[in-house]
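Letters A, B, C and D mark the chains as written, and numbering starts fresh at 1 in each.
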Amino acid sequence: MEHVQLGRGDTDFIRAVETESGQKVSRCYQCGNCTAGCPMSFTYDFTVSRIMRLIQLGQKNTVLSSKAVWMCASCESCSTRCPNHIEVARILDVCRHMSRRAGFGGARNVRLFADAFLQSVRWHGQSHELGLMAVYKLLSMRLFDDLTLAPDMLLKNKLPFKPHRIKGRDEVAGIFRRYAQGRGLHGGGKK
Amino acid sequence: MSAKTYAYYSGCSGSGTSKEYDLSTRALCAALGITLADVPDWSCCGSTPAHMVDHALSAALSARNLAQSEQLGLDDFVTPCPSCLKNTHNAIEQMRDPGFRKEVDRLTMRPLARKHRAFSVLQLIYEEVTPEGLALKIKKPLHGLKLAAYYGCLLTRPGRSMRFDDEENPVSMDRLLEAAGAGMLPFPLKVECCGGSFGIPRGDVVARLSGRILELACSMGADALVVACPLCQMNLDLRQKQIRSAVRLNFHLPVFYYTQLLGLALGLPEDQILLDKLVTDPKPALAKIEIIRPPDVPAQPAKEVPA
Amino acid sequence: MKIGVFICHCGSNIAATVDVKKVAETAGRMAEVVYATDAMYACSEPGQQAIEEAVKKYALSGVVVASCSPRMHEATFRRTVERAGLNRYMFEMANIREHVSWIGRDQGPNTVKAIELVRMAVEKLRLNRALIPRKLPATRRALVIGGGVAGIQASLDCAEAGLEVVLVEREPSIGGKMSKLDKTFPTVDCSSCILGPRMVDVAQHERITLYAYSEIESVSGYVGNFEVVIRKKAAYVDWDKCTGCGLCIEKCPSKKNFDRFNEGLGSAAAINIPFPQAIPKKAVIRAEDCRQFQGKKCGICAKFCPTGAINHEQQDELVTIQVGAIVAATGYDLADWTVYGEYGAGRYADVITSLQYERMLSASGPFGGHIKRPSNGEEPKSVVFIQCVASRDPSIGRPYCSGFCCMYTAKQAIMTRDHIPDSQSYVFYMDIRSPGKGYDEFTRRAQEEYGAQYVRGRVSQVYPRGNKLVVRGADTLLGSQVEVEADLVVLAVGGEGSREAAGLAEKLRISYDSFGFFLEGHPKLKPVETNTAGVFLAGSCQGLKDIPFSVSQGSAAAAKTLALLSRDMLESDPQTAQVDIKRCIGCGKCIQVCPFQAIREADLRGQSKAEVLEAVCQGCGLCNATCPQGAIQLSHFTDNQVLAEVEALLCP
Amino acid sequence: MSVSSTVSGAAAPELRIVGFLCNWCSYGGADTAGVGRFIQPTDLRIIRLPCSGRTNPLFIAKALLQGADGVLVSGCHPRDCHYAEGNFYARRRLEVFKQLLPVLGVDPRRFEYTWVSASEGQRWQMVVSKFTEQIHSLGPARRLPGAPELEWLRESAG
């Protein structure tokens, strides 16, 4: 990591994280409880408590380009055990939103999966698991990863080949459309 | 038992990978006298991907389902799926903020008219039927079965928001299964994450996290794991073969939905609890159920309470 | 009336955001004000001098000072005007610092507010009248509540100085938390070796009366003349006969009871003496554990007692005493650590509290000074200490640092290596707080000489694997998760006010906070006083303290008690209720509401009238607000005086 | 509501708010807030009483009828009264009084009764900020010059 120039942190970033998450990052006193319990920590480049510290110092680019904000599983261990009742998982969520908006790649497969999932919802109103997996596999070029699973699932007759399309799917698509339209104006986050 | 009706939201996996959870939940509720009314033409809550993208979008997808449930004239929204619950619950909580609510209304173009409450089917059974009430209805007790209840990370956490059971050591499933005669192990990883939605994009993550859960349950001598979450079940059961090779251990641990086991204990037929949908063969575990009743249990089935 | 007004700058504390000159100028034009000026520091010697001189020069009959809170300096300025020859109640204060300059940033509104507060003070002062305090005799005896190290120190100091002392302790023995400790930091000397002799001194002192296994039933009266009822709980043993031989304990068949002194490690007999050095060394039967009381046939203790001291019929006894001052030294209790489900506290036998560990280390403890895993009795080789359990944790409502845990944990890590040379200790900490003589050096020794591994981070989870405990945590300096297998996990649990503190505070009429700590008179200048005259504080009941600090406070509280009771006569506060006999209709409503029974019905030529017992009246004014006739008025806070303030503000 | 937002809203013209505080808890709490430099709106003027139980409803009625836009009474927390039970009487009396305010033509939201201890500086800041905000949202009170009630009160206070 580059040396950090204190006093040159991005205070707008700190404020944006606080506004969008509704949390006060200065309440973090760096006890490390979030890091201690984080099940995904082994996949991170920065531990959760360090992400919190980086936000406190306004290190926008380091945070938004980190793998950690993308690999968080939203399991709420950090929020549950934070002695200061900071909703840490929500802060990571918000950083992920910002990372996406700012065009940082993040963990590519995680992003692709999310995109594929939401596309499925947009098309059908419900997520279609088999179709979703197909789209994701094509996008991620990881065609053979879960090959061992498919026979089991098909054998158990769990995955319908055809998606169930709800009547209100246009309405759902409308939500996505208005979201895409309003994103520039509203920033999409919590006010 | 209250004669109340609850708006029921099965969630997308209920028509796919967790078909058995949905069906056994419906059968169990019917047997316990709980009336569920399906949310008409429901849509996906957006699951983890939606709140990874944007909170208002995520809330809007949930809000549409709440709006649909208003057609039933019901405020209480129940779902078996903790992930759907979390999204709906968060949507309701965050929409207390007028600015946030306005943005959600802009997306859905359907402002909500009622004050909604979202909770899990597990909470409904635990608090409305209660373990004591359930015990009276047990026909085939699960004596002899040693189980580890695994709640997953979302169902009770954080406690200040979910307001159900204990956030670190939940006991609701344990108490219900105990009432059904099963022996419950003091499983310490009840709320540890299984890897959640990372199953598809990062199988290695799930192998590691779910592996730890399976490994500990095995080493404690559990005959099976019991879960209340479709995603957990998929990771622990469907991916068990992958996990076995990843952590180089040879365990075969069936992973039941609690609704299936309670259904079994209530004497529900196989076509309502669909044990054959489980990937890891549950027969060796089920064989441990002692057919001979212990002397302290009456030979006659408990008196039926009219549903 | 000729009024002088003095507006204080308080350096820049007030002057920075209040136009002090303008306030003084405006005050000069207020009714009956003949002199108004500003002063750099009104409370300083020249400041007070100036007030005295002005009183004489302008023949002032009343003074208003606008400065800090009256809770800070009202007494100071009352003495000033008294020196200048005025009655001390011909004085009013306007609080333009705490209530104005420190909470508002804009000079404009601040100045307006200051002027209005001064006008209110002037208008009230115009209705003030001279009040004369009465002299009251004081009882030269002190009550000390709580026989921990702070209470012991306070008792001994008072008794040494010649005062009679009554010491009340709720447990069967004095000694408090310190008597449970094995060693003390940073000297590692034996706790009972230094406390024991002090306990004996208490027992032997001719001027100390000890009521052990007793509680405060009620407190009435006021400074110099408190009447206290003490409940001596039934021990079911006649302590005059009991010699403390211990034969009953040996013979008692009910042995598997919760051992309170040993924090639940090991077990206790239903009849018990908590520890060998107990003062008094007398047996107590716990009815809930005793077979006889559970309706079973027993009475074995009575059969074997060589002096016939056992008395299953004994009842609680109430004793009434008169004292002039009270020292509360009720100490602390451990906070509830079982709320930490992630540590498995209360579920896993080998996860224990620091206080349990002290009992384990103690040679007179249940394990004879051997460290053993409660689950299987084996000697632990890997011991993990978790600091800040129920301290610095706003999420469970305990945001404060308990202050002593860092130090006792270092001590326990040292003692662990001392007892088991091939053991390894791990200490999970957030920050090491070790201000104090030799304290920081001590924590360094734990690491450098005793090899304790300090890990900067918190523990997220403890769970059993095989017969070991897995401790998962973070090392934030490393920036990674860490895991260690432990045989024993010791939680450095923080403290909170004693569980009975709130009830006692209500009896003593002192304030307490949400953590159960008593509120001192002033956080800096009155650390052992309370807002109730004649009631003082010592030790951890005011806020957590280590031993040297508790002892110092015990001595400080004793000094305050001695200073108070060194006078034969005390002055009563003349701000009491007065009855206007002509207006009183004898309805008796004031008698009903008075919390102090300070009003009684008196017969005046065949008519019933209220009469105030001035010595008993505490000046709350409840009667004044209740009286339908306005016949009973609280001096210095009469209806007219308060309404004058309202009117000064709204209809200037 | 965030405290800073109300503080910055102090640009609005000041309204007249009278506070009756007990000496032992709330007045101390207001002092603690000052010592902690917890910035508050400046509208409030505090009158110190020995106990919240000393608050004669007459004081409040008179203040409101003489043009106060709000009245705040604050005492010790329940069970934590310097005079054992003064705050208990205050609460009973003032709750009844609040019910009567509409009769006097006063919006009951203009009067509040709270508890703040001497150590709760931050709580005091919150109480003052919230109450001031509430009064500002109600706006200046209707003045009642020569109201018969006022005359009656003036006489009975005599």
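Here is the rule we use: a contact is a pair of C-beta atoms (placed from the backbone, for glycine too) under 8 Å apart; a residue touches a chain by one contact, two chains touch by 3 or more.
Worth saying up front: this structure is predicted, and the values here are computed from it rather than measured.
Q: Note the shortest touch-path length, in steps, from chain B to chain D.
A: 2
Q: Is the C-beta contact count larger for A-B or for A-C?
A: Most contacts of the two pairs: A-B.
Q: How many angstrom lie between the CA centroids of chain B and chain C, rounded to a whole number?
A: Those two chain centres are 50 Å apart.
Q: Taking each chain's centre as the mean of its CA atoms, how far is chain A from chain B in angstrom?
A: Their C-alpha centroids are separated by 24 Å.
Q: Which chain A residues reach two or more other chains?
A: Those would be 42, 77, 85.
Q: Quick check on chain C: which residues sit in contact with 2+ other chains?
A: 342, 461
Q: List, in ascending order, every residue of chain B touching at least 2 other chains.
A: 167-168, 192, in rising order.
Q: What are all the chain pairs that meet the touch criterion?
A: Here the touching chain pairs work out to A-B, A-C, B-C, C-D.
Q: Which stretch or stretches of chain A touch chain B in the complex?
A: Residue positions touching the partner: 20, 22, 39-40, 42-43, 71, 73-77, 79-80, 85, 87, 93-94, 96-97, 100, 107, 109-110, 112-115, 117-118, 120-121, 125-130, 133, 136, 140, 145-146, 148-149, 152-153, 156, 158-160, 164, 166-169, 171-172, 174-176, 178-179, 182-183, 186, 188-191.
Q: Chain C touches which residues of chain A in the complex?
A: 29-33, 35-38, 41-42, 46-47, 49-50, 77, 81-85
Q: In their complex, what parts of chain C are in touch with chain D?
A: Residues of chain C touching chain D: 69-72, 95, 97-100, 102-106, 109-110, 112-113, 116-117, 120, 502, 505-506, 509-513, 519, 531-532, 575, 593, 595-596, 618-622, 624-626, 630, 634, 637, 639-640, 642-643, 645-647, 649-651.
Q: Spell out the residues on chain B that touch chain A in their complex, using ranges where they run on.
A: 12-13, 15-17, 19, 41-44, 46-57, 60-61, 64, 68, 94, 97, 99-100, 102-103, 106-109, 153-154, 157-160, 167-168, 192-193, 195-198, 200-203, 205, 208-209, 238-239, 241-242, 276-277, 279
Q: Considering the complex alone, what residue numbers of chain C touch chain A?
A: Interface residues on the chain C side: 342, 388, 392-396, 430, 456-461, 472-476, 479-481.
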